[in-house]
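Going by the order they are written in, the chains are A, B, C and D; count residues from 1 in each one.
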Amino acid sequence: MKSYMNKKLDHYKTSNEGNVRLLVSCPDQPGIVAAVSAFLFKNGANIIESHQYTTDPENGRFFLRILFEKNNIKEEILELQQKFTPIAEQFQMHWSITLANELKKMAIFVSKELHCLHELIWEWQSGNLMADIALVISNHEEAREIVESLHIPFHYMKANKEIRKEVETKQLELLERYQIELIVLARYMQILTPSFVSHFPNQIINIHHSFLPAFIGANPYKKAYDRGVKLIGATSHYVTNDLDEGPIIEQDIERVDHRDDAAALKNIGRTIERSVLARAVKWHIEDRILVHENKTIVFN
Amino acid sequence: MKSYMNKKLDHYKTSNEGNVRLLVSCPDQPGIVAAVSAFLFKNGANIIESHQYTTDPENGRFFLRILFEKNNIKEEILELQQKFTPIAEQFQMHWSITLANELKKMAIFVSKELHCLHELIWEWQSGNLMADIALVISNHEEAREIVESLHIPFHYMKANKEIRKEVETKQLELLERYQIELIVLARYMQILTPSFVSHFPNQIINIHHSFLPAFIGANPYKKAYDRGVKLIGATSHYVTNDLDEGPIIEQDIERVDHRDDAAALKNIGRTIERSVLARAVKWHIEDRILVHENKTIVFN
Amino acid sequence: MKSYMNKKLDHYKTSNEGNVRLLVSCPDQPGIVAAVSAFLFKNGANIIESHQYTTDPENGRFFLRILFEKNNIKEEILELQQKFTPIAEQFQMHWSITLANELKKMAIFVSKELHCLHELIWEWQSGNLMADIALVISNHEEAREIVESLHIPFHYMKANKEIRKEVETKQLELLERYQIELIVLARYMQILTPSFVSHFPNQIINIHHSFLPAFIGANPYKKAYDRGVKLIGATSHYVTNDLDEGPIIEQDIERVDHRDDAAALKNIGRTIERSVLARAVKWHIEDRILVHENKTIVFN
Amino acid sequence: MKSYMNKKLDHYKTSNEGNVRLLVSCPDQPGIVAAVSAFLFKNGANIIESHQYTTDPENGRFFLRILFEKNNIKEEILELQQKFTPIAEQFQMHWSITLANELKKMAIFVSKELHCLHELIWEWQSGNLMADIALVISNHEEAREIVESLHIPFHYMKANKEIRKEVETKQLELLERYQIELIVLARYMQILTPSFVSHFPNQIINIHHSFLPAFIGANPYKKAYDRGVKLIGATSHYVTNDLDEGPIIEQDIERVDHRDDAAALKNIGRTIERSVLARAVKWHIEDRILVHENKTIVFN
């Protein structure tokens, strides 16, 4: 399995060689696109894909994502970044220029329910989720077999409210050791402390099993059943210190009816959770999500 | 237009002649279906459509809707109802036996925004919403032209918080005069008093322009925009005295993205409001909705 | 994993003990429901779920599925079936009375692409697809690892047009040995001969990767791309001797746009194929599908 | 009503004053975006919205739509077009620069069924479909009342196979007189001759009441019913001389089941036809659709 995935990853890396992502966020003003596209043209880059968005015609903020290709980019990326700096300064940009084939290092946190983990693995094996799944952390043993069969390190760590601080300290050490850039809470079912969250701003993706902001907090399917809703949903979002209030990345729903009890809702909901989380992770690792205030701009 | 609708209604009445709806709600126990279906068979009725649901295998409540046809039912309905009474008493039933071609008398309350009214009229003209639209009440003049062109009485009644009681008194008089059985709030935008609501238990259908229970109360599209949701919804529900907390009949959603501001959400949402309200009204007038506690059972 | 599944299956069997499914198809006439429900009541059965459908009010065919519970049914099922025979004869019924906790023996045929197999396995492991997966047959080795890790027999059998007859003979032997009642073609990609199909009328479920009847035959995603469709679909259907013309069980679609090439369509389509096939298999093993002429009646 | 629409149109025109649409199609090569955006910047234009697409990384065709705002554009548009010409020539562009508030002149062709016409009118009245509905042509009288009540010219023209040529000659005269730029076939149900179609390349939008390419030709709902599909669809497309084979603009579907006969499918389908046609018309009049070979690129 490992060698199978290595082949997939190698293929991805090769086919994306020369592909570069430019992300920009700055105050809106005339001339930004002209300056950026002139810069790319002069430096021998060819634009493959481009998305832009301005929050407001007056005094808004401008967001840009360009995918371009350029020969010898691996050798010349530092030089390109340096050359871009004056433009970035002129327009007061937050920006990044990164290689599309440098995989993001990702950790998956999981509890007992494995459907979201399964989906991520399956999409990864299918070549749709090109990240480096560096490790899986769980407070249960259920996921060990599947994870280790893929030669991915599996770390069991007991977790509950009482020992949260100690556990998080250990987790942070691990995450640092593996240089993790993205944490996916694939139904982890534990609340993270503000201190932990502050290490990973807009780098922790959670799947909430309801159509937020309906049914915030625990047992959303039970609450949905009690309310008698006719649709149930799932929401993937970045984790902030306001429980279930972080920027929403993606949502979807499924139709239910009066015959579906709370257990049936939970069961039906798993399918939505799987796809809604997988899409959010995919967009994140492809640098398609920009966060502005408490909202996401998704360039897909 | 009037004569056109008269033809439609006549056609509906003729093609549903002989069709009868039996609705039952009672404590669950063995033998109910056997007793009811034997009764129907012995009385020369032929079952066309049948739905049943039990809330819980243990000590649950049983719900049944049967559509049957029977010759000469118009003359014999009283007799049939009398004959059914012993069975109903044996099983402690709430029940009704009604003619499918007796149209429910319906009032529509509307404000300035006419999209929901338009949809109801259009479905009515198309023969999908076979009710007797007896009158339209509005606190604005926008709907007068279209309503009167259909020869439906239009009643303008100023409405606001201060004069609510007086207005409702006049409305109740009107509703009684027209023997109204169903009130549809097609974006009426006024809160009804508990006293008013108590006259029409599970007979007032409202359209709320959000995916309840998210964004209860005023300005749901603004709230949805502020929260940065990726889907917006609409909910039709029976009106109770808890604002936006009555039994949900139907919900639906539409996908939106970061480019859609509050005005765009409102615009997109109108399409969902229209269809979600129209479906609820259709199911109600076809006696497909049973209310149990704060939930609906929809036999469709 | 085996013991894990054994537990799931045991749980399913226990929780469905006493549950019985009655399926009926016969010429429509008054009194069928009365006769059947009186029979069930007299024999101490309690109806849990009931669905009926008549193809046509005049001279139509009547279809009925009742789920009922009855004590000691395991011991008394033969007797119950015997007692039902006179009623069945009176109404010229095709019928069956079967125990809900007797699992159908199922074979999965698969080729190189494993996404549909994966989905079936996950749903099976999740307790949503309670069948006895007796064996997997493939003309490739890709599925062996996952299948054998679940202690399910895996049979490799080379397959192509030239050796079709010999291969099918061996397959039929295997299927007989395992007493297979349902064959699922989980992207098997081989055409079956009329002789093979005739052994399993309405017992072979295929997933076709298009929205049938659009794009019948090979390479539907390529054809969909060439036509420039804005939605792609998948269709599960029973296999007959008319290629892709058998009774449709379920369909679903996903939105695509001009940026999606044939490879992207294929990729997006896999998600739909998975869920559309899994739903069809679930409905089949729960005896929710009745076939009438070339259409399915799905009681779900 | 006329004055009401005049106000809407005036509001649209005012709020889009200064907004300009640039459409480009040319062979792909580096430097196009740089050249175009430098041009816009130098000429005092501010980009509001931008979409681009390349059919193929190698030797592909490049498509661009930019919405920009510029002061005094009404006076300076000719000058701007002239200045853009050298760039257009350098890159061998097909291109246009047009004012967003110059409404397209549109004719609607309709037959007896008015649901699509109604939807277009409502969306127009709601301000979502900012076109100049210059006239309605019909081979029936059903639409006259609603059309004339809006002070839109209504032209009755008998139509059938025998008199097609003569009728089309008259229609072409009318369309020329009104300087029509877009024809919408809102369930017109008549086939147009190649000669007629050739006058309006990619300027005639049809709604076909099936999920093309399934059920090409007449009676698609009947065909869908006979095939036993579980979803029905509608497709809006540009009309070419191959019946129902023109570039697809938009598609959507609705779920149906075994209880829905052909009449029910037709009824359910009308809702989809309405929205699918309205979206296509909206995108066309906002210049969001580019046609490449037999496919559409929709920049929405």
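By definition in this document, a contact is a pair of C-beta atoms (placed from the backbone, for glycine too) under 8 Å apart; a residue touches a chain by one contact, two chains touch by 3 or more.
Here's who's who by UniProt: A, B, C, D = Formyltetrahydrofolate deformylase.
All values reported here derive from a predicted model rather than from experimental measurement.
Shared contacts of chain B and chain C, meaning chains that touch the two of them, come down to A, D.
Of all chains in the assembly, those touching chain B and also chain D are A, C. Put simply, the chain farthest from chain C by mean CA position is D. Interface comparison, A-B versus A-C: the pair with the greater number of contacting C-beta pairs is A-B. Centre-to-centre spacing of chain A and chain B amounts to 43 Å, using the average Cα coordinate of each chain. For this pair, chain A with chain C, the centres built from the Cα atoms lie 37 Å apart. Listed for chain B are no residues, as none touches two or more other chains.
Chain contact summary for the complex, chain B toward chain C: residues 30-31, 33-34, 37-38, 40-42, 44-50, 52, 54, 57, 69. Residues of chain B that touch chain D in their complex: 1, 115, 118, 122, 126, 128, 145, 267, 270-271, 275.
Residues of chain C that touch chain D in their complex: 53, 211-215, 227-231, 233, 247-253, 257-259, 294-298.
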